[in-house]
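Labels A, B, C and D are assigned to the chains in the order they are written; within every chain, residues are numbered from 1.
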Amino acid sequence: MNPTPPPHPVVEHLDRGPLTKHEMAARVARDIPHGSYVNLGIGQPTLVADHLPDGAGVVLHTENGMLNMGPAAQEGEIDPDLTNAGKIPVTELPGAAYFHHADSFAMMRGGHLDICVLGAFQVSAAGDLANWHTGAPDAIPAVGGAMDLAIGAKRVFVMMSLFTRDGAPKLVPECTYPLTGLRCVDRVYTDFATFQVGSGGATVLETFGISFADLAERLDGPLSRR
Amino acid sequence: MSVRVCADPDEAMAGIEDGSTVLVGGFGMAGMPVELIDALIRQGATELTVVSNNAGNGDTGLAALLDKGRVRRIVCSFPRQSDSWVFDRLYREGRIELEVVPQGTLAERLRAAGAGIGAFYSPTGAGTPLAEGKETREIAGRTHVLEYPIKGDVALIGAHRADRMGNLVYRRTARNFGPVMATAATTVVAQVHEIVDIGALDPEAVVTPSIYVDRVVRAVSAA
Amino acid sequence: MNPTPPPHPVVEHLDRGPLTKHEMAARVARDIPHGSYVNLGIGQPTLVADHLPDGAGVVLHTENGMLNMGPAAQEGEIDPDLTNAGKIPVTELPGAAYFHHADSFAMMRGGHLDICVLGAFQVSAAGDLANWHTGAPDAIPAVGGAMDLAIGAKRVFVMMSLFTRDGAPKLVPECTYPLTGLRCVDRVYTDFATFQVGSGGATVLETFGISFADLAERLDGPLSRR
Amino acid sequence: MSVRVCADPDEAMAGIEDGSTVLVGGFGMAGMPVELIDALIRQGATELTVVSNNAGNGDTGLAALLDKGRVRRIVCSFPRQSDSWVFDRLYREGRIELEVVPQGTLAERLRAAGAGIGAFYSPTGAGTPLAEGKETREIAGRTHVLEYPIKGDVALIGAHRADRMGNLVYRRTARNFGPVMATAATTVVAQVHEIVDIGALDPEAVVTPSIYVDRVVRAVSAA
């Protein structure tokens, strides 16, 4: 047995502030291998598409029944029969395929998507995801495809701001909001840091505009450094 | 049995009874059988259970059916939308029952009804509030939730073209729930943009074979 | 409540012999309503297609993935990609549709076919079917789609000779051969008689070349007459 | 991940290991990936479990693979045919294990593997010898049998056309098990008659989307 190689140190980007939404999207895009089949969740994750370079060969899935979805439709291109899961008019790329809802979710549940990028209210260090319900007693529950996406893809990336507007961490020891899926998240991309989560707990891969030490102080629970 | 080509959407609503479970296709407006829903409102059936991905948008279509008080219970994945004010009001007033089902589980439960599957184990939702009270089983080291079929008395779906036998093709993402719901109801009604002769559809590209379709009607608003 | 109408007497066709195979096929064809979706099992049931009148509007299903199958292919029409469940080259009628095996059997299991016509080794008075295995210890088991067809169609018709070559009845109080399906058969069309079977037991609808009394004598177990 | 367009069937067999479960498409000869099976014979993997509707015909293709002693176990619906003498001999000599599965259950168990369904209840086979030892449950007054997924390490299927992304269309009843097996294996290899440019297939008529296909190869014998 070779000895375990020494861990790469966590990369601290201290010469800059936290990432903007577009920088977060670009950061996620960098981690999507050539030729991947990817579902980008409603909201912020949609921005990732703008940062995939031409020739990345990434094929986008939309759970309402399409592979090789193109960018949002521009004026004159709008077709009410062609939308993404957020009901935004989109376009079709060459090599597209359409299928019905049971087939589309079979594709997700069956683990055929390489990566799914989702937003979140909370992610736990173990990879539990809460992104469908704030738990407010008067909220009308609405889950859509969130639970199917959470458990289906080979790798689930979460993209979110690390803190709420009130400054509370969204990466938590245990989720307090109702769960979307158990132990399903692999990576968490935030404005302040990128994390690996899972059975080994939360590990910081890099920070932006904050040191590891300061980050660890602002979060609850143990935090490893790579 | 042979399909009936109806003269108008009202003819296509014949016999829908109070208390029916009605599957309504569409995802947002794509594939939404608006003219059939309007005809269902005129037809007057009430105390309905509606199964649909959403709970109506704006003031027309499904929202109008809800607004008339015809729907006792709705089964859907995503009722809350920016323009779902009709549903929101009824729900907050306690005048409509809601069962929220994850979207893929909704599709699969409909498929199970159409495919004669008595029940199935799905990993979706395990450990979440939507699995509370449901039977679970560990399979291959993963918790699965037991889910039962959702069968409709009637399905109202939107498709692109029908031939005079009832074979259907769809257009782009308007396909969504249509083909699954077409398998899952006793009486299946399709609103289409065009009715073509038998033999005019490519047999390799038919998505819903005629066996599933009972009534077709050309949408009056069809281009 | 109206009084139950008096039963039609069983029709005894005594001016003729038992039905030939083609006459049996024609007899089955007569009971298939206009516009029915029908699966004809491998072997003798296939003959039924030859006796459906033009304009009967009957749509034939073949479980290897097709609706609106046409007659057997003639020389010059043979396409190795177009066969029936018995692997015989067939043809395609206008309005046909192709689908894969899971969809084809979902159609069957889901109860969408109006009628399925099957051959049988034995049928019980309660409607149990045995048609896949003789039970011989050295026989290689092979079931194909028989069990799916038996339980799926709205009505299951069996078409068979009433007696084995040795003269043993194939309509029996209880099947002794391994079962294909429990309580699944509705009607049994044979050379000597047509029967209704099910929870009410076996009822003779008509006889051919034999009287009801003689028939009852040659069969085991109770037999009603309509 | 992106599809690999292979130069020949031998390249398409790379990495298939001894002991693999191999799903083999086709119903009779329609959709049978004969050139892939021949290449698998040359490749040499052994101790295989084969899942296919039949157990080989004549002396070629699947029958030849069996005859070489490469198959430890076969899962199929209908092994016994007029020309299945190779299988028949091996079976009677006790040199091959057989699991007989009703054809629709075979298709549905493959679908379940592809669709992430942990198990399902089917009425097919209830009360028959093929359900012996299986868990059952009464649902809606009917006995159902609990059935588990069949997942392959490799699927070898025959299709009609592929585009260079791996989207597949089939031809007539040669479709049969291909689309289902394509969802159910880790590595999916398709033998096709023709490889066309991306964009040449109608997106409405694609039967197997590219996501399921890992390797495609044009059949040498293609017209």
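Keep in mind that, in the parts below, contacts are C-beta pairs under 8 Å (C-beta built on N, C-alpha and C of every residue); 3 or more make two chains touch, one makes a residue touch a chain.
Since the structure is predicted, the reported quantities are computational estimates derived from the model, not experimental observations.
Path length between subunit B and subunit D in the touching-chain graph (shortest route): 1.
The mean-CA centres of subunit A and subunit D are about 35 angstrom from one another, to the nearest whole unit. Subunit A and subunit C have centres, each the mean of its CA atoms, that are 55 Å apart.
With each centre defined as the average position of its C-alpha atoms, the distance from subunit C to subunit D rounds to 30 Å. Across the assembly, subunit C contributes 92, 98-99, 106, 108-109, 152 as residues in contact with two or more other chains. Counting only residues that touch two or more partner chains, subunit B has 108, 111, 115-117, 122-123, 170-172, 204, 207. Shown here, the protein chains touch in an arrangement that is not a line, ring, star or fully connected set. Contacts between chains, counted with the stated touch criterion, involve the pairs A-B, A-D, B-C, B-D, C-D. Touching subunit D in their complex are the following residues of subunit B: 108, 112, 115-123, 137, 139-140, 142, 144, 148, 169-172, 202, 204-205, 207. Listing the residues of subunit D that touch subunit C in their complex gives 27-31, 53, 77-81, 87-88, 91-92, 98, 100-105, 107-108, 110-111, 122-130, 143, 160, 170-180, 207. On subunit B, the positions that touch subunit C within their shared complex are 1-2, 111, 113-117, 163-165, 167, 183, 198-199, 201, 203-204, 206, 209-212. For subunit C in complex with subunit B, the residues that touch the partner chain are 33-37, 57, 59, 61, 67-68, 92, 94-99, 106-114, 152.
Subunit A meets subunit B in the complex at residues 62-66, 79-83, 87, 92, 98-102, 104-106, 108-109, 133, 138-148, 151-152, 178-182.
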